[in-house]
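Right, I'll just put the structure down here and ask away after.
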Amino acid sequence: MNKLKALPKPVKLAFWVLLAILAYALPILEPPIISTPGVDFGGVLFVVTMYCLIALGLNIVVGYAGLLDLGYVGFYAVGAYTAAILTSFHANWPLLLSLPFAVAATTIAGLILGAPTLRVRGDYLAIVTLGFGEIIRLVAVNTEWLGDRRGISNIARPPSVMTGEDGGVVVGEAEPGLKGIFEIPHLYWGDGTVLVDTEDTTQFLVFGVLDQIPYYWLGLTVVLLVLLADYLIKNSRVGRAWEATREDEDAAELMGVPTFKFKLLAFATGAFIGGLAGALFASRQSFINPDSFLLLFSILFLAAVVVGGQGNRWGVLVGAFLVAYLPQRFRDFDDFRVLVFGAALVALAILRPEGLFPPRRTVRAKQMEHELEVLETGHDDGEEAARV
Amino acid sequence: MSDATTPILEVQNLTLKFGGLTALDDVSFGIKEGEILGLIGPNGAGKTTCFNAVTGVYRPTSGDIRFQGRSLTGVKRYRITQLGIARTFQNIRLFPSMTALENVLVGADAQHKTGMFSALFRLPRHRAEERDGHERAMELLRFMGIHKRADELAANLSYGDQRRLEIARAMATGPKLICLDEPAAGFNPQEKVQLMELIRKVRDRGFTVLLIEHDMRLVMGVTDRIVVLEFGRLIAEGTPAEIRDNPAVIAAYLGVDEEDAS
Amino acid sequence: MEFDYQFLFSNLPELTITGLAFGAIYALIALGYTMVYGVLQLINFAHSEVFMYGTFATLWTVWALTGTGGGVGGIQLLLILLLGLVMAMATSALIALALERVAYRPLIKKDAPRLIALISAIGASFVLAELMGLRDKVTAWVGLDDDLDRYVSGARINQSMASVVNMPDVNIGGLSIKTVDLLVIAAAIAMMVIVDQFVRRSKLGRGIRATAQDQETAALMGVNPTRTIQYTFLIGGLMAGAAAFLYMLKIETTKFDVGFLLGVKAFTAAVLGGIGNLRGALLGGLVLGVAENWGQALFGGEWRHVVAFVLLVVILLFRPTGLLGESLGKARV
């Protein structure tokens, strides 16, 4: 990362563009080792983008503002249910129209939950949010208007862009007969050879039932946009206010930061992103029921943020990738998935308490601490550990 | 300096109780614009409590605090700062994992209005405030002599630099009155003298200063007037010369702590 | 949604007693959360699993002692009760100690961020629950599955034991009340009182309170923090084991994931009473149990858990530090 910083601007830009192109091309390349045998690779990647989105949103709440939220899945559910109700269960809106309503509903939910609870101490927030996540699910389970246990199906998909029978461009629901404006062949990795497989293609911008790669592209695009927004906000008065509040709430307040307002803002922003992810997820699945929003997911989301290194957006993305991808990649060990995941969390916490990729400043602070310690005690930490 | 006779801050019959303990008992004094007022007294006299009442951390049990004629009772803490009262802390309270520059920027943001929307779309207000904030912050860091460490994490600064950074952060909030709670605590004599020099310069920039300091000699040297507290009560008020000869003050200090008076 | 006032009011005493029985179990589990939180400021997420292992210890003990049939009496009943309780408490205590050793102590040494300790707790919780849920596969690996078949089969479904306490309902003032409920309430409250007195009066208890207040100062005054933390986990584990035993007397079935919801409820109870406050845990547990049972009668069973969480949110709004206020260290002596 440091080396990258030193490069001239055009080179840096080129690097990022290349990385983005690679990310978009990933499901087409289907590189061995990385691609997932037995499960649709595009689908897995789509789920990864959803986790990335959620992790970015939760990182604002947990990593930047320091608010422990154990019920983030609640926002995800509000977004998903709003989209589901508006596009299928109680109305017939197109997805794109329902999206703003979904995120608005989620943001409002965030404000309603945050306004009373953000005044109580941090640890209580954890349990209150946990309760909120569970209440949302239980309400869904018990309310017929929300489809109760049976859930809601036929949720609208994003509009597809296709070539019509007359050769013109058609925008609308994907239809079996119609093809995209162009199609992209996948690579096939044989024994030591790489072929372009013209049989196996992806229709550009056709959001159908089988091929999930267009959804992945959509998800990735949203992630990139949110990433940009995250960068812009973090490097501003808002981002500084969040961090100051996290570091020392009283001192921040006495330095003129309206901490409550900013905590609420962080909460609402997190909710916004969570709701967006929920709506996209509902659209892709086309079906949701309360089991899609178990408390367990809140825990997984939090794990994604903390594993990567809370407060560092890149670390958080890596964390999201690991949490979403590893269980899919190693499906053979299906039964042992949760067990291994749990053990990995413990191991990680013990071996790398700052997360895999802590913010650079944390690294610097720790280094300094270590240096001071060496200066003070006159010997290295290692020796000390050996003696104890 | 407008009218030198109207106090910028008036503490009126301030009483503050913690349960059974009366930390401040009917204390009244005023600070004139542009002066350096020393607040002294033995340990536990109620000096920090007085700061906390002024900056809104504690609510007075009775009495009032008026800043530029306006009562501060019930005003939110961040509002009080925005109105123009800044402070430092007896136990350093920086934002440890933010850089020195960022710490000062948070202070400067007190007078800024940029919200989510401005930041997201990089509107002119964001750009202007960001530029202004950076300039002010760097200037203040230079003023305090710690500009070379601007990119260092606050936690990694030396103790003295952390104290200096706190003053810079307080000044960045654009205050009219700046309250320093034992800014020289833990300094060696030479550093103390330098700091007092600096405090005088702070005043010369147009700030009014309220200073808590244990070292009698230093307080005498730098302040225009001194207020003495003992057990929560105001026992003397006057110029340094008057305070030096005040028998009540001498008794309070002799009875308490030789080291502090050295 | 219908409100069944009629049912609630006509059955109020019975509903209250059952609620108290549930509440007493919550309270016993809450004790572990509240003590660990008081000392370490850590939400010991895996405490629910400590409880879950206790339920299995009880189940297997009863199976081993009674064969398939239930309905024992006299000395045999007493023996089963005693041995079941001892096994459950021992098992839970062992798990709690192991948890402290493996998942927390390395972190405390490194002075890790608190959130990371929570992640470690969550991970440990997954591991413990899944080990139980995969016990058939794990034993198959070692080749013991045939010998232990009865104990390891059906690893992911409910396993139940026959009623141990088969006494007739007690009749008090025209109300017929289940013996088990009374037993559960009495035992739980007795144990809470013992722990409370222990923490208040014993030297160890003083150490725990001192550490909760200020670990560094306590250490300087000669309180060994590692030992103190160990004892805190030990006491929490013992109580979770007792709770598990009482739970099994009342509910009679268990499953590898039974801890999760109960853990959340117990933690809610701890927060409700004021986290870090032992008497708060008891009060919080009882209030929660009763409120839930009333709520269930009023709104229907499916809203039971919603009632619990709404109650929590409402109480925190009006009393941000819980019913009795927080802190083990500040506990009034």
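Things worth noting here:
We call the chains A, B and C, going by the order they appear; numbering starts again at 1 in every chain.
Please note the rule applied: a contact is a pair of C-beta atoms (placed from the backbone, for glycine too) under 8 Å apart; a residue touches a chain by one contact, two chains touch by 3 or more.
Bear in mind that the values here come from a model prediction, so they are computed numbers and not experimental data.
If you sketch which chains touch which, the chains link end to end in a single open path, with no loop closing it. Taking the mean of C-alpha positions as each chain's centre, the chain lying farthest from the centre of chain A is B.
Once the centre of each chain is set as its mean CA position, chain A and chain B turn out to be 44 Å apart. Computed from the mean C-alpha positions, the centre of chain A lies at a distance of 34 Å from the centre of chain C.
For the pair chain B and chain C, the distance between mean C-alpha positions equals 50 Å. Interface residues of chain A facing chain C in the complex, by the touch rule stated above, are 62, 68, 116-117, 119-121, 123-124, 126-128, 130-132, 134-135, 138-139, 141-142, 295, 299, 302-303, 306-307, 310, 335-336, 338-339, 341-350, 353-355.
Interface residues of chain B facing chain A in the complex, by the touch rule stated above, are 55-57, 76-78, 81-82, 86-87, 89, 93-99, 102, 105-107, 109-112, 114-116, 118-120, 122, 126, 129-130, 133, 153, 155-156, 169-170, 173.
Here chain A touches chain B in the complex through residues 229, 232-233, 236-241, 243-244, 247-248, 250-259, 265, 269, 359, 361-362, 364-365, 368, going by the rule given at the top. Those residues of chain C that touch chain A in the complex are listed here as 37, 41, 43, 102-103, 106-107, 110, 112-113, 115-120, 122-127, 129-131, 134, 137, 260, 264, 267-268, 271, 275, 302-303, 305-306, 308-310, 312-313, 316-317, 320-321.
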